[in-house]
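To start, I am sharing the structure in question, which I have written as structure tokens.
Every chain is named by a letter (A, B and C) in the order it is written, and numbering of its residues begins at 1.
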Amino acid sequence: MRKIRHVIEAQQWDRPGLEELFSLTRVMRDSIKHRYPKSRQHAHCLEGYLMASLFYEPSTRTRFSHEAAMIRLGGRVLSTENAEQFSSVSKGETLEDTIRMASSYADVIVLRHKEQGAAARAAAVSRVPVINAGDGAGQHPTQALLDVFTIEDELGGIDDRIIAFVGDLAYGRTVRSLAYLLGKFRPTKLLFVAHEVVRMRPDIKEYLDRHNIPWEELDNLELAARCADVLYVTRIQKERFGDRISEYEEVFGRYIINAELLAMMKEKSIIMHPLPRVNEITTGVDSDPRAAYFRQAENGQYIRMALLHNILNQDCH
Amino acid sequence: MRKIRHVIEAQQWDRPGLEELFSLTRVMRDSIKHRYPKSRQHAHCLEGYLMASLFYEPSTRTRFSHEAAMIRLGGRVLSTENAEQFSSVSKGETLEDTIRMASSYADVIVLRHKEQGAAARAAAVSRVPVINAGDGAGQHPTQALLDVFTIEDELGGIDDRIIAFVGDLAYGRTVRSLAYLLGKFRPTKLLFVAHEVVRMRPDIKEYLDRHNIPWEELDNLELAARCADVLYVTRIQKERFGDRISEYEEVFGRYIINAELLAMMKEKSIIMHPLPRVNEITTGVDSDPRAAYFRQAENGQYIRMALLHNILNQDCH
Amino acid sequence: MRKIRHVIEAQQWDRPGLEELFSLTRVMRDSIKHRYPKSRQHAHCLEGYLMASLFYEPSTRTRFSHEAAMIRLGGRVLSTENAEQFSSVSKGETLEDTIRMASSYADVIVLRHKEQGAAARAAAVSRVPVINAGDGAGQHPTQALLDVFTIEDELGGIDDRIIAFVGDLAYGRTVRSLAYLLGKFRPTKLLFVAHEVVRMRPDIKEYLDRHNIPWEELDNLELAARCADVLYVTRIQKERFGDRISEYEEVFGRYIINAELLAMMKEKSIIMHPLPRVNEITTGVDSDPRAAYFRQAENGQYIRMALLHNILNQDCH
């Protein structure tokens, strides 16, 4: 398997690289799922290795997922859950100096930051590998990797599928990173269901055009639900709408996934969501087998185990 | 030993269950106390197991105690010390969704929450065991377990003892959980020493009546101190008194455990406190052998080791 | 090697003690630097030992450095990154009670606190060793130890060197602890380059006089740079100047280490800084071999490994 140095953006991977990564991800999942009683062949894989979690904005889900992945492989963790408030940042230290410090103590750094481009800046000065756990409006590549893995795992492949995105397509870095990765495959079509305020941006559309991936914008969620194999839902943030509150309320109420909408969906389809959700998927949907979002979240741990395993280059499987 | 799934409320235990638990707690204590040099037969017991500490309100003491217990048995920990501020909660995620997430990464969840009933709600959706580390005005069962263990350990039993509660008996979940557990035994009498604003509530009194445990309310701390085998002291919070400030000041000054009061107590009695204390026990009392509150705090680690050992069902002693 | 109980202040060490410690520090550094592949003879040294990090004010650098040291030796960590906000302190608990609690769970306590003398108060009640990781305007002894180690390591010794301090010499506990330690050696001279508002205090000057260490105050950074073997730079905090803002701005601009100043320095000299830096050393200086501050920071981990190794008294090298 080819060696990864840093995990900065979804575009790093080509299709064979993704397939290798997914295959290792399945190995990791099996090692956890079947670990009782005691079949823990990976439990000492990264023994003696140390990860530094540097979260400049809090995200318990993403942090826990990376830390669990490290610990499940035998590694250990230094953790700060709110670096902006708690660290030298408040004294005016640059990100670069903080990274130089952390990289002299740890063997790998997981970085969550508010500014786009922070992960690349960190990688430029770090003595150890850097994993981008979200950088502002930029990317969240490990989320995109687990999303693509989930589609492949749930539906048996990405090619020839119709994938509909619903919600905030303008500001959600999750959706942006995922669109980049889908460009490596041959989906039938991408559907973008969004209010004009939060519509998918031109750079992604141009990228898809260059890769000959058909896409279509539509306003009607029901139409998308009826033909999609994947309904990828994201949270719409009120603050994006500024003082257009009534528009927010109108759009928010229109894009809700509930039992009624579920009834329109194909039998073999899935609903995904990067979580946390608020009201955009009703809890009544949770028990339907097509509700894949909790399985998707769980896959986060396995994909991050595979990445750490690759990055720290251990030959123990 | 019968298997525990979740630790939600003190009422879960019956007397034989408590006695089993206390016996395991003593085994755990011995394994720590005599661990130098290297008699660490339990040090690898929970190897490969992962605990998630989800503290929605900070409590360093309770968190450290659970985490130390896990680590002393060879397990590892994911930790958030202020989930309310740092997690998806601030984005509107429900407790249920957060628990689903955590339970897909960890093998056991320790939950501290501001809302009564939070632990039961968590247990209902979690894929792994949940330990209630305090839920609002609800319960704090592991505190009650360590309290009962401490009385038994210090005095040789609960039966035929007089146990006096002093301080805030209305809002203190510690006192409430403990009263439930004492109902499983045959204490001679419970004494409640409290100002009318923070008096023991009717539900506990009715519970004790149903279990034929005599109780009595009194105003005079000295009277209680003279006859009690256990003086269980809690902190009175000013905010409970609203604008009745002068009453607060009056009552606060009246219920102080100092050398003078200590002199009235029986030779074989003990003073307990769930900690933190502020001024309700003067530091002059600390060095008296009857001051049991630091030993009580230390017991917290051993009772939690016993619980984790039971819950994760390891046969390594 | 003589056994250390608590690490409270720089004055604890005499010169032979420092030399023993530095020799163990080099052993620790080698064990980390050459640990790939797998020459990890110290990796299990402190297995079964637990450290509690109690940081009453946040300091990610210092916390990570201690925790990494503990983990690299096989130990584990309980951590709180903002104890003041998150712990029982906010409920009015004394430092002494918190330390009693932590010392019943952990085998060693690392304490960072805002009040001078906090570490000594902690040591007085703790059942386990306490390491002072900075107590207000008091001391930061492990920083001073790593500073002296760095000078010795980079220049081959402290004796017969000229060591210039630049920046905030009045309030920086780093500089104060370091001056105490240098009094154990025979430097040619100490130079103090500081504005009158942040000048070195009389107590240090008297201490140096008693130890026959020559010192001189000067205003001219260039003069100091030309003759110094070590230029120890610290951050000047605006708030020290109160409403004398224009003076702050004038002095801040005058004491900047940049390429021009570097050109005046001796070939064999080094620039040190306890970090974080803000603008007082320009990034252009970083790539010069005389810029020792990142190597200095890295040494923090090794000196703390040596201290933990000594304190917990393990014979595994």
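Definition applied: contacts are C-beta pairs under 8 Å (C-beta built on N, C-alpha and C of every residue); 3 or more make two chains touch, one makes a residue touch a chain.
Remember, predicted model here, so these are calculated numbers, not experimental data.
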Copy pair chain B, chain C: interface residue numbering same or different (half cut): different
Superposition of chain A upon chain C: rotation angle, C-alpha, nearest 5 degrees: 120
Whole-Å gap between the CA centroids of chain B and chain C: 40
Residue list for chain A, restricted to those that touch at least two other chains: 79, 81-82
Chain C residues within the chain A interface of the complex: 35, 38, 40, 43, 58-61, 63-65, 67-68, 71-72, 79, 81-82, 235, 275-278, 283, 294, 297-298, 301
Partner chain B, residues of chain C touching it in the complex: 47-48, 50, 52, 76, 78-83, 85-88, 90-93, 96-98, 100-102, 104-106
